[in-house]
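Order of writing sets the labels: A, B, C and D. Residues in every chain begin at 1.
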Amino acid sequence: MKFIQLREEVCQANRELVKSGLIVMTWGNISGVDRKEGVMAIKPSGVDYEQLRPKDIVVVSLDGGQVVEGDLRASSDTPTHLVLYQGFESIGGIVHTHSNYASCWAQAEREIPCLGTTHADLFYGPVPVTRQMRPGEIKEKYEHNTGKIILERFSTDKLNPEHIPGVLVANHGPFAWGKSPKEALDNAIVLEQLARMALGTVQLNPEVGNIPQSLLDKHFQRKHGPEAYYGQEN
Amino acid sequence: MKFIQLREEVCQANRELVKSGLIVMTWGNISGVDRKEGVMAIKPSGVDYEQLRPKDIVVVSLDGGQVVEGDLRASSDTPTHLVLYQGFESIGGIVHTHSNYASCWAQAEREIPCLGTTHADLFYGPVPVTRQMRPGEIKEKYEHNTGKIILERFSTDKLNPEHIPGVLVANHGPFAWGKSPKEALDNAIVLEQLARMALGTVQLNPEVGNIPQSLLDKHFQRKHGPEAYYGQEN
Amino acid sequence: MKFIQLREEVCQANRELVKSGLIVMTWGNISGVDRKEGVMAIKPSGVDYEQLRPKDIVVVSLDGGQVVEGDLRASSDTPTHLVLYQGFESIGGIVHTHSNYASCWAQAEREIPCLGTTHADLFYGPVPVTRQMRPGEIKEKYEHNTGKIILERFSTDKLNPEHIPGVLVANHGPFAWGKSPKEALDNAIVLEQLARMALGTVQLNPEVGNIPQSLLDKHFQRKHGPEAYYGQEN
Amino acid sequence: MKFIQLREEVCQANRELVKSGLIVMTWGNISGVDRKEGVMAIKPSGVDYEQLRPKDIVVVSLDGGQVVEGDLRASSDTPTHLVLYQGFESIGGIVHTHSNYASCWAQAEREIPCLGTTHADLFYGPVPVTRQMRPGEIKEKYEHNTGKIILERFSTDKLNPEHIPGVLVANHGPFAWGKSPKEALDNAIVLEQLARMALGTVQLNPEVGNIPQSLLDKHFQRKHGPEAYYGQEN
C-alpha cells in the first residue's frame, strides 16, 4: 500500500465519526486528500464503521475518480467529494452525514442563521443551504451534481469555504470540511450542535435574526486569522 | 426443539432491540417466520429482554396461531403479526415498538411525509398511518383487527410493503418489517430516526412537503432494485 | 434494625431511580410502607443516591411522622408521602421526581391527555394536574398540603388511584405510586415517557384529543383487572 | 507550585465539567479564587479536558490578570471571570459553558422565567439575560466588557448574585457561580436543566408566567438562609 498514512488517517476519522453520535446506521462518510499525489481516500460504501480497517479505505484519483488502491467499492458519495476537492482548493478533508439537527434544517430548506458566539466561532455567517436539484441533475450524475450545486451556492454569494466550512444540501443533509479529515469531523460536530441550538432558539424567538456584525467579526477573528488569540498555538 | 435456528434468530433480534434505544419497559416485540414450515416465532409476553433465551421464544402456526413449541405465553400482539405475514407474503420479520418519535406521529394521526433523502433511501413515499379502529374492531379480536387495518391501509392506496416497510397504527405506534427479523429491526431504527427528523423539520417549516418525485426515485433506486449501486453487494 | 427488609427495598428502589435517568442532582425520592407495622421508610434528605445504604433509610410512623429508625433527617417531602399513604389505602410505594417532561406539563399546568395505547396501558384516563396552592397552604405545612391538594384532585373527580397511578403537582412535578416501591418506580418511568410522547404529539397536532373510550377500555383491561391477558402471570 | 490546592480544585472541577454533558468540544471553563492571596486559577485556553492536570491550570492575579503560576495561556475568557470576582465579592468559583438549552435562551435573548419549584430551589427569580453588547464594547476589551454587562444587569435590577447564581449573556451563553468551583458547576448543571424544562413548558403553554411569589419564597428559603430545612447540614 502506497498511501498507507492517508488511509490510516481516513480510517481513524471514520471510526471516530461513529463515536461522535452523528451517525445512524451507515449514513456518513469521511474522505481525505493528498493533493501532491492527486488522490483522495474515502470510506467504502455501506460498511460498518467498527469493522473498518485502513486496508478497506478506497483510494481514487482526484481528477477522474479511478480506483488507485483498495478492493472495495468506494462510497456512493465519492463523486460529490471529488467535485468539492476540485472546487475548494484549500481543503484537506470532507465529512458527509445525515446528522439529525443539520438534516432538519436541510430538509426545511432553511439556512442556519448566525444566532450566537458558538456559531460565530466557526462559521463567519449563516450556514448556507443549496437550491433543490433539477430532475435532469438528479437523473444523470446525481452525486457529481450534488457537489456542483454546493459550488454554485458558494460561487453565487462569493462565500469563502475556509470561512464557511460546511453547507446544507436541500432535502438531504450536511457536508462539512477542514484542513484534514480530523478537522472536518470536528467541524461536522460543531455544525450539528449549531443546528440543534438554532432550532431551540427559533422556537423561543421566531423573530430572532443574525447577531450584530461586530460580534461576528470579533468571535471569528478570535479563533481564525492573523489576530487569533484562542488556544495555545496562535 | 425443531425450530432452533428460527428461535435463535428471533431471540437475538429481540435482544438487539433493547440495545437500539427504541424500547421503554417491555413495549416491543420481534417475530420471524419460516414459511416452508408454516410457523412464526415471537417474543413471549411481558418478559425482560435481557433474560430472553432461545428456549423462551414461542413458535406458533402461521395459519391458526396454535403453539407449536415453547412453554411461555406468546406476545399479546401475536395475532397482529400473523395477519401481516398472511397479507404481506414476501416479508420474513416484523418489529413492533412504541418508539418515541414514530409514536408521536401515530398519536397525532399524521403520516410522515418524505422530507429528504434519509427517508427516500428506505421508504418509497410517506410512512402511512392507519385509520382509527372502530369500537367493534376493538372489542373483539383487537390484535387481529390491528393487522387488518394495516392491510386495509396498504390495499386502499395499493402500497407495496417491500417499498414501504413500515406503518403507523393510529393512536398506537409503529410496525416495521423486512426480509428477516434483523432487517425488520434495522427498518424500525430508520423509521424512528425519520420520524425524529421529520418532527424537527415541520417545526422549522410547517409548510414543507414531500421531496420531488425525481429525488425520491433516485434515492430509493440507488439502494433497491436492479440498478442499485449502494453498498458492497449490489 | 427491625425494618431491615423494608429499608433494603426502599434503598434498592432509590438506587435504581438514579439509573432510570429521571433524576438530576438529588431531586427525587422513593418511599415504601409497612401498613401492618404502621411505618413508612423513605430516602434521607439531600444524600447522593450512589452512597445510599439501607441503614441510611429513615423509618417514620405512618400516622405522625415520628422517626422510628434511622440517624439521618428524612426527605423534606416526607409529609407529602404520609398524606398520600393515608389517603390512598391500597398503595405500597411512592416516587417523587422532577423528571423533565412530566415537570414540563406540571409547570404548564396542563393535564396529560390520553393520546395513545402507551398511555392507556397504565393510566385509565388523563394524568391529572392539581390546582395551584394558596399562599396560606404554602406558608404553613407546605409539604403536608402538597399531599392534600393531590387527594383533593382525586376526590373532586372521583379518580381511583389504582387506575391513575400518578399525578402532576402544578408548578412542581410528578408523583407516582404503586403496590411496591419498585412498581412505583416503573410507573414513574412510564409517566415520564408518556409526557415526552405527548409533548411531541401536541406539537404535531395541537388539536389532538383523548383516544376513543373503547380503545382506552381495551388497553387498560388488557393489562389490569380480571380479564387481563398481558404478561405471563395473569 | 504555591497554589497547588487551588489548582487541583479547579482542575478537578474542569474534568467533572466534561462529564456533566454540558460541553461540546472545548467550549467551557471553570475558575476558582483565593481571595486572601488575591489570585484566580483558571483552565488554559483550548486544551482538552481529559488531558488536564493541575500543573496546566493557570494562576493569575485577581486585580490585573498577570500570570502568577503556569506555563500555558489562560482561557480567553479570563478577563470576564476577573470582572465577576471583582464585582461579586462573595463568590468563589465561576463556570462558563455553551450548554445547549441555556444557550438557546441566551441566543433568543429571553430571560428564563421561574416556572416551577425546580427553578425556585436555586434561583430566587428569573435567570436574567444581559443586553446586547455595543460595537465599541466588542471591539476593545471584549471579554472584560462581557463581565461588565453582567454586573450592569445585576446592578440595574439590584439582583443579589447569591440569590441568582447565574446569568445568560445575550447572543452567547450562560455563566454560573457559587461558593466554590464545585458549587458553581452544580449550579451550571441545574441552570441547564431549568432552561431545558422551561423550553418544554413554554411550548406547552406559551402564556405561562412566573410562579406565585409565595411558592418562590417557600422553595428558595427551604434550601437557603436561616430557616433552611433541606439536606443534612442545615
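Assume a contact is a pair of C-beta atoms (placed from the backbone, for glycine too) under 8 Å apart; a residue touches a chain by one contact, two chains touch by 3 or more.
Remember, predicted model here, so these are calculated numbers, not experimental data.
Asks: When every step has to jump to a touching chain, what is the lowest number of steps that links chain B to chain D?
Replies: Shortest path length, in steps: 2.
Asks: When chain A touches chain B, do the two copies use mostly the same residue numbers, with over half shared, or different ones?
Replies: Mostly different residues form this interface, as fewer than half of the numbers used are common to both chains.
Asks: Once you find the CA centre of chain A and the CA centre of chain C, what distance in Å lies between them?
Replies: Taking the average C-alpha coordinate of chain A and of chain C, the gap between them is 47 Å.
Asks: Where the centres are mean C-alpha positions, what is the separation of chain C from chain D, in Å?
Replies: Result: the chain centres lie 33 Å from each other.
Asks: Where does chain B touch two or more other chains at once, residue-wise?
Replies: In chain B, 203 touch at least two other chains.
Asks: For this entry, which pairs of chains touch?
Replies: Applying the touch rule to all chain pairs gives A-B, A-D, B-C, C-D.
Asks: Which residues, counting only chain A, touch chain B once they are in their complex?
Replies: Within the complex, chain A touches chain B at residues 24-25, 27, 44-47, 72-73, 76, 98, 100-101, 103-110, 132-133, 135, 138-139, 142, 171-173, 199, 202-203.
Asks: Show which residues of chain C lie in contact with chain B when the two form their complex.
Replies: 115-118, 121, 186, 189-190, 193, 196-198, 200-201, 203-205, 208, 211-212, 214-215, 217-218, 222, 229-233
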